[in-house]
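Quick heads-up: structures coming right below.
Note that subunit A is present in both complexes that follow, paired respectively with subunit B and with subunit C.
This part shows the complex of A and B:
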């Protein structure tokens, strides 16, 4: 009874959020064409002749998320394999503890760190290329700190969920640990690994504080990882507090929320399909 | 001041028979300093209740006409249409200058530049000029890194109005979430330029002269410094100068203690400080 009630309540809340977000969001199209909203790069919401194009903001979200995945998936994957299959008990427990601690760092602390140190280091390290310390790379590095423990924990769980007899059978047949890993464990765990990647990616796309503080805040289409960007979440967080109620700007911010929701939805559904395909 | 921030600072001393409520409405630029004063005032007069809203200068003056507020905060002078309405309704509002909003232009200490013109600022922030040697031929040919505040901030609005004349900022202008972040970047980046409230100037950055006028309290108070404006509190003086809590609150705001508080939110004091 209680469980059903809780599940129902969650569903009602979820659909409620969907409903209010979408019903407010779509009202922006009374003022702005679909074409301008999605295809214009010009986001100037507070001027006399305001413009509401989100393409540059969207490209910022994609750039930061993409680079974060490139950094954090390989690192997370290797760490998870190490934790699951190699290393003795002591190192395992120690590393596990480190990852758990890392997962607990508040994002505002990571943002401050990026603002004060990473920004400076990047400028010192690549003085020719880095014209501003607040850029895609800085944000992606700090986001990776958030994402890696996520990937490690979930991928390790997926690898551990593979029945022990399969692994032992492989080893007994004379296969060494490496080929057991790549031929048996990873293929068996792939649906869990995929699940880990989806959850992690959704977490990165939605992260707000880090990108608001250190992604650079420039509403431009990036040409390199050293360019500053302003992701969708940063625009919402930066502007929602001061926006006039029921204005075009207000509805546009809600529509950005809808876009973020859609990205995450498309992503999740595609991955679920892939998973189903794998099981067959 | 189109934005619609409605925040109430209220002091819960319910039931005090002699408790008096002061209502302040208007400009969201004046809001942060009014809030500071309200907090400090409450400490001296624990019975006072003060509610503050920051929904824009025009909203404040409208509320003064309706009698819905005791004090109307404004970041602009009264409009001619409002003077007409005052004449028609037989009302008389008087302004008090409570502080100045002055914008300092800051660069890295190592950059060899001392002065900038409003036109040059316009060129930099609109993207017409992108390297420092275009500003001064003795400067290196390196990309200018222009920094700005979020488009939700009052400082941003004022900058766009007075320096940009309504022109849009170039896409590469970086909008940062706080003045702290701006100062931090200017300290780190030798080629960055930013604009901040004058009260936020620190030893770690170089504040430029604008049109050869130094950003000092004296120059802002005299009106000589080009990017500054007075901030007002208007009161209804139809029946004489404000008395009671309203008068008391204003006296506190203009006192040396009240004026010192102005600096901590980035503004410039209008009168002597402690």
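This part shows the complex of A and C:
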């Protein structure tokens, strides 16, 4: 049957992605030990004595993702609460409309904005601390512009999924809206909120163009939010174009792809489990 | 109560502040490039190491990449969604397909780019080409098309199917002559969303299909092409500041297209929900 074939094709594609990435990726371990790849901070793929340790890249991903979450979760949470419980129909529709629209801003545009404007602005704002405008803070600010609309939409859905009678019961007992929100609605919606945070984090980790263009590109373990870093995705996107096919460097980049693939697999499956648990 | 009113004010101010910042960024980027857009900019090739001329090959290239992507993902996606909503029971296979689809939707675009490079460019021998890049984008957009179409099909009332069957139509006739036409408007909305998502994709095209600079349009799908998002990347990250007017113009054009796409989605959705209510 044609339709069954089309449906099975999604599974074939998924297996294909795993197969192609892993089969090229594991070949890096013919030259580099597992330990060196994951635990060395030295990523010098184009040196004469090339080194392929991804720990510094991984720390770059963690730093940028962490700071983005610190900015975008509280703000997204507040806006989601306002949308779900406080706004009237008109403000709700307007705000929601803008957030939906921004979910579509291409990341390369934000990368370009960060590169041309935010970097100069950061240099002027913190002249003592900043030695490059392309750093963790800049990348996290632009990633937050992408992440906040996503968090708002998903967290609002989670809050709206709480049965209305729970809220009404609390209000009827004389609790005000604010304490109903924090004592009833948010605890009730917590697995949905967690689900939103997991999906959003997965997106931030996988985002490429923003970090390629404005995270700074330095292979180092960052000491402050003003340091430049080279996250995993930026290393792939920045180096894939120049790499020699079937070289150790090429295989190392594919192994980084495998790491990203595994991260997104774990995050997505966890989110799906949570969602299934919610329904029960 | 006073605490509720204060919470409302504080949360409201923060929400509006966020929306204002976002609108300011988008508005600023669209407006600052507007004066660089003219007929020559839209219809000529870049010249003099990108400082003169326009973005015609990038516009055309984006259309090529998107056409190949949709040619793959729309039929396959609709068929897969038909399987999920019409032909499968709640069994293991259906769950597996849904799970695979969810996992696909969560995979970073750069990983799709590597897959496209490995499968289309190297294994199939397409090299850096419109077809390799287009198919990569097609695979990326497949999960969006499947979930949106699946939702649209499920929303068609059961009575439509029963009425059609009662008139003697078989399952395939019912699906393709009744259910899909009844949800075609929603399916199209889903396709527009998918276009909005992949039109700005840059990293996958960098590996599989994008040329930084070409002097004539590709004459076959096996040649590379320029694209708007990769052009923006190249102008802002690789060329010096003297291409800034061209960069601003390109950003403006891409943002206008994206905003128009998502506005049309919002309008279509409102119309659909009104139809459901009325």
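The rule is short, and it goes like this: the second predicted complex is superposed on the first by the 257 of 280 C-alpha atoms of A that agree within 3 Å, B and C clash if a C-alpha of one lies under 4 Å from a C-alpha of the other, contacts with A are read in each partner's own complex, and residues count from 1 in each chain.
By definition in this document, a contact is a pair of C-beta atoms (placed from the backbone, for glycine too) under 8 Å apart; a residue touches a chain by one contact, two chains touch by 3 or more.
Note that the structure is a prediction, hence the values are computed from the model and not measured.
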item: First (subunit B), second (subunit C), both or neither touched by A:245; value: both
item: Touching partner for A:116 - first (subunit B), second (subunit C), both, neither; value: both
item: First, second, both or neither for A:223, with subunit B first and subunit C second; value: neither
item: Partner chain in contact with A:213 - subunit B first, subunit C second, else both or neither; value: both
item: Partner chain in contact with A:88 - subunit B first, subunit C second, else both or neither; value: neither
item: Contacts of A:268 with subunit B and subunit C, given as first, second, both or neither; value: second
item: Greater residue coverage of subunit A in the superposed arrangement, subunit B or subunit C; value: C
item: First (subunit B), second (subunit C), both or neither touched by A:108; value: second
item: Subunit A positions touched by subunit B in one structure and by subunit C in the second; value: 115-116, 212-213, 237, 241, 245
item: Residue numbers on subunit A that touch subunit C, as the complex places them; value: 1-11, 13-14, 16-17, 20-21, 24, 75, 78-79, 81-83, 86-87, 91, 94-95, 97-113, 115-116, 145, 148-149, 176-178, 181, 199, 202-203, 205-209, 212-213, 233, 236-237, 240-241, 245, 253-254, 257, 260-261, 264-265, 267-269, 272
item: Sites on subunit A touched by subunit B in the complex; value: 41-42, 44-48, 56, 115-116, 119-120, 123, 131-134, 212-213, 216-220, 228, 230, 237-239, 241-245, 247
item: Residue numbers on subunit C that touch subunit A, as the complex places them; value: 1, 3-4, 7-8, 11-12, 14-16, 18-19, 21-23, 25-26, 29, 75-77, 79-80, 82-84, 86-88, 93, 96-97, 99-115, 117-119, 122-123, 139, 142-143, 146, 196-197, 199-203, 206-207, 229-230, 232-233, 235-237, 244, 247, 251, 254-255, 258-259, 261-263, 265-266
item: Contact footprint of subunit A on subunit B as seen in their complex; value: 2-5, 28, 143, 145, 148, 150-153, 156-157, 160, 166, 168, 171-177, 181, 184-185, 188-189, 191-192
